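Note that subunit A is present in both complexes that follow, paired respectively with subunit B and with subunit C.
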Partner chain A sequence: MNGIFKVLTFILITFVIITGILLPIPEIPALGDKARVLYFHVPMSWISVLAFFMSMWYSIRYLKTRESDYDLKSFSSAQLGFLFCILATATGSLWAKFNWGSFWNWDPRQTSIFILLMIYGAYFALRSAIDSEEQRAKLSSVYSIIAGVTVPFFVFIMPRLVESLHPDPIINSQGKIHMDSTMLTVFLTSLVGFTMLYLWILNLKFRLERLQIKKLKTIED
Partner chain B sequence: MNSLYDFLETNSMYVVLLIVLIIWIGIFIYLKSMDSKIKKLEKD
Partner chain C sequence: MTGDILNSSMLIFKKDLKSELRTRYVINSLLMFVLVTISVIRFALGDEKTENELLTGLLWISIFFSTSNGLSRTFVKEEERETSIALKLSSDSTAVLTGKLLFNLVLSFALNILILILFILITDYSVKNVSGFLITVIIGNFGLVSASTIIAAIISKANSKGTLYPVLSFPVLLPLLITVINATKLASLGVGTEKLYGEIIILVSYTIVITVVSYMLFRFVWED
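Moving on to the complex of A and B:
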């Protein structure tokens, strides 16, 4: 990760914060100014999906090569996915209080994200329950792949199958994007900016995990 | 200074913006410092 990457991440997210809060948005029925939550809530959800997929990808790589670095990357990515999933749930719930009248009403979107959190919660429980490093890496990789397969179902398919109060997904059932061009620019910038932030934090988390393992090995020796 | 205060008092959206920017700058500086600390540890 070079300096330019970090500076660009800073510029993009700062741009999103300023324009997202200050730029006028078109009149959206039933949403009003609360529609601005889109610039921050949707990227959280997107990053959690991306992070879970990355975790699955690194798990596949681990099972193929048996290099422990891949296991650490998979674990780091799952942790970040879990964190961003909680952020998406919390921001969505706060928004729901003012749009639907209650923080939690088991809407299909809320139910599916809750199940997803449970699935990945079990992943961390599994990891912490196994002492042997190799065994842990192997079993959690298999689990991460199975969990990753369920992600598209809970995020993209299930909420579209059942009647939901959630605003039209960005790419809706007709496969079209209905958004004002200014809003779309800010939204896409937000997606790029937060994705870069995720990649940066993932890099930091992985390096930290690797250092910790190195330290533990020197202590054992 | 007084005029800035008056401006913020009448445009409350800018107060929100200022708060969010302070949080973001804080997080960014924290990540940057963590990055350099990890780099130092990796060199040792």
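Moving on to the complex of A and C:
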């Protein structure tokens, strides 16, 4: 990660925090100023899904090459994804309290993020239950792939259950984006900025994990 | 080559069946488990007039927990008796998975028939669209068995096997469970089979995807 990348990430996120709070946003029925949560909540949810599929991708790479670095990357990505998943749940839940009247009401979106949290939880439970390093890498890779292929099914199942009150059908009906240009700029900057932040922390996390393993090995020797 | 694999999978299936019929370890405890679960449901309901919406949920809770008790044993058993090394040496991993899948299918179908009969006898559960109900239960069972078998293989290598199984299997089985509960509920209320096609397609594709992925990944779990 070079300096320009870090500085750019810093500038983008600072821009999002300042403009997201200060700039006026267009009138959206039933949402009003509460719509500002989208600058932070949507990127968090996006990263929690992205990190999950990145973790699955590194798992596939691990099973193909058997290089322990890929397993560490997969684990690091899952840890970050879990963190962002909690953040997405918290920001969404807070917003739901003020818009829907309760923190949690099993809206399809809340159910899906709950399932994602459960998958992450199961993945960590599996990892902590295996002592041998190689076995742990292999089995958790297999599990993350199995969990990964079942996730897309929710896209088909969820709409069959209950109708969602989640605002993307309101802001984004028929797949058209009704945000005005300022709002769109801030939103897209936020997506890019937080994705860059994710990549940066992922890199740090991965190097940290690798150093810890190296340290453990020197202690053993 | 394919003939070889089929042959040895049948042999593994027969071996499992034989050893199970000899010791009756799983069968006996599962029979008691099913009886206990359904009588608890009976006592909890009392004389209450219960709707099919609730009863379908209770039915699938009994099926989920009793199959998860039974199916999770397949690979743990090999590790505990230390027979897994012999199995690894004697046959191909594809054959092992096929044999175990067959055994689990037989076990889970026997179990489900028992649960359904007991459930209908003991509670006032009535099914209006019998053919639609049976189709969804049967396909759901196939999916349940393939997902459970690969997860049973994963946990057999881990510590704390018993508690880990429900933790790992629940998120993976959730798409299947949600769909199958919904479909059986609709069928029991008398919705026609042609209106259940959406659910049936999801169940079939889930089963195919999980089975294919299991065959692709089992090698990594099984071989050291």
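Here, the second predicted complex is superposed on the first by the 204 of 221 C-alpha atoms of A that agree within 3 Å, B and C clash if a C-alpha of one lies under 4 Å from a C-alpha of the other, contacts with A are read in each partner's own complex, and residues count from 1 in each chain.
Throughout what follows, a residue touches a chain if its C-beta (ideal position, glycine included) is under 8 Å from a C-beta of that chain, and two chains touch if they have at least 3 such contacts.
Note that the structure is a prediction, hence the values are computed from the model and not measured.
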Query: Now for A:Ile219: first (subunit B), second (subunit C), both, or neither, which partner does it touch?
result: neither
Message: Under the stated touch criterion, name the partner, subunit B or subunit C, that contacts more residues in subunit A.
response: C
Query: Between subunit B (first) and subunit C (second), which, if any, makes contact with A:Leu204: first, second, both or neither?
result: first
- request: Applying the touch criterion given at the start, work out whether A:Ile4 contacts subunit B, subunit C, both or neither, answering first, second, both or neither.
  value: neither
- request: Mind working out whether A:Thr14 is in touch with subunit B, subunit C, both or neither, as first, second, both or neither?
  value: first
- line: So, in the complex, the side of subunit B touching subunit A is made of residues 13-14, 16-17, 20-21, 24, 28, 31-32, 34-35, 38, 41-42
Residues of subunit A defined as touching subunit B within the complex: 1, 6, 10, 13-14, 17-18, 21-22, 200-201, 204, 207-208, 211
- line: Residue positions on subunit C within touch of subunit A in the complex are 147, 150-151, 154, 157-160, 164, 167-168, 170-172, 174-175, 178-179, 182, 198-199, 202, 205-206, 209-210, 213-214, 217, 220-221
Statement: Per the touch rule above, subunit A residues touching subunit C in the complex are 63, 115, 118-119, 121-122, 125-126, 129-131, 135, 138-139, 141-143, 145-147, 149-150, 153-154, 156-157, 160-161
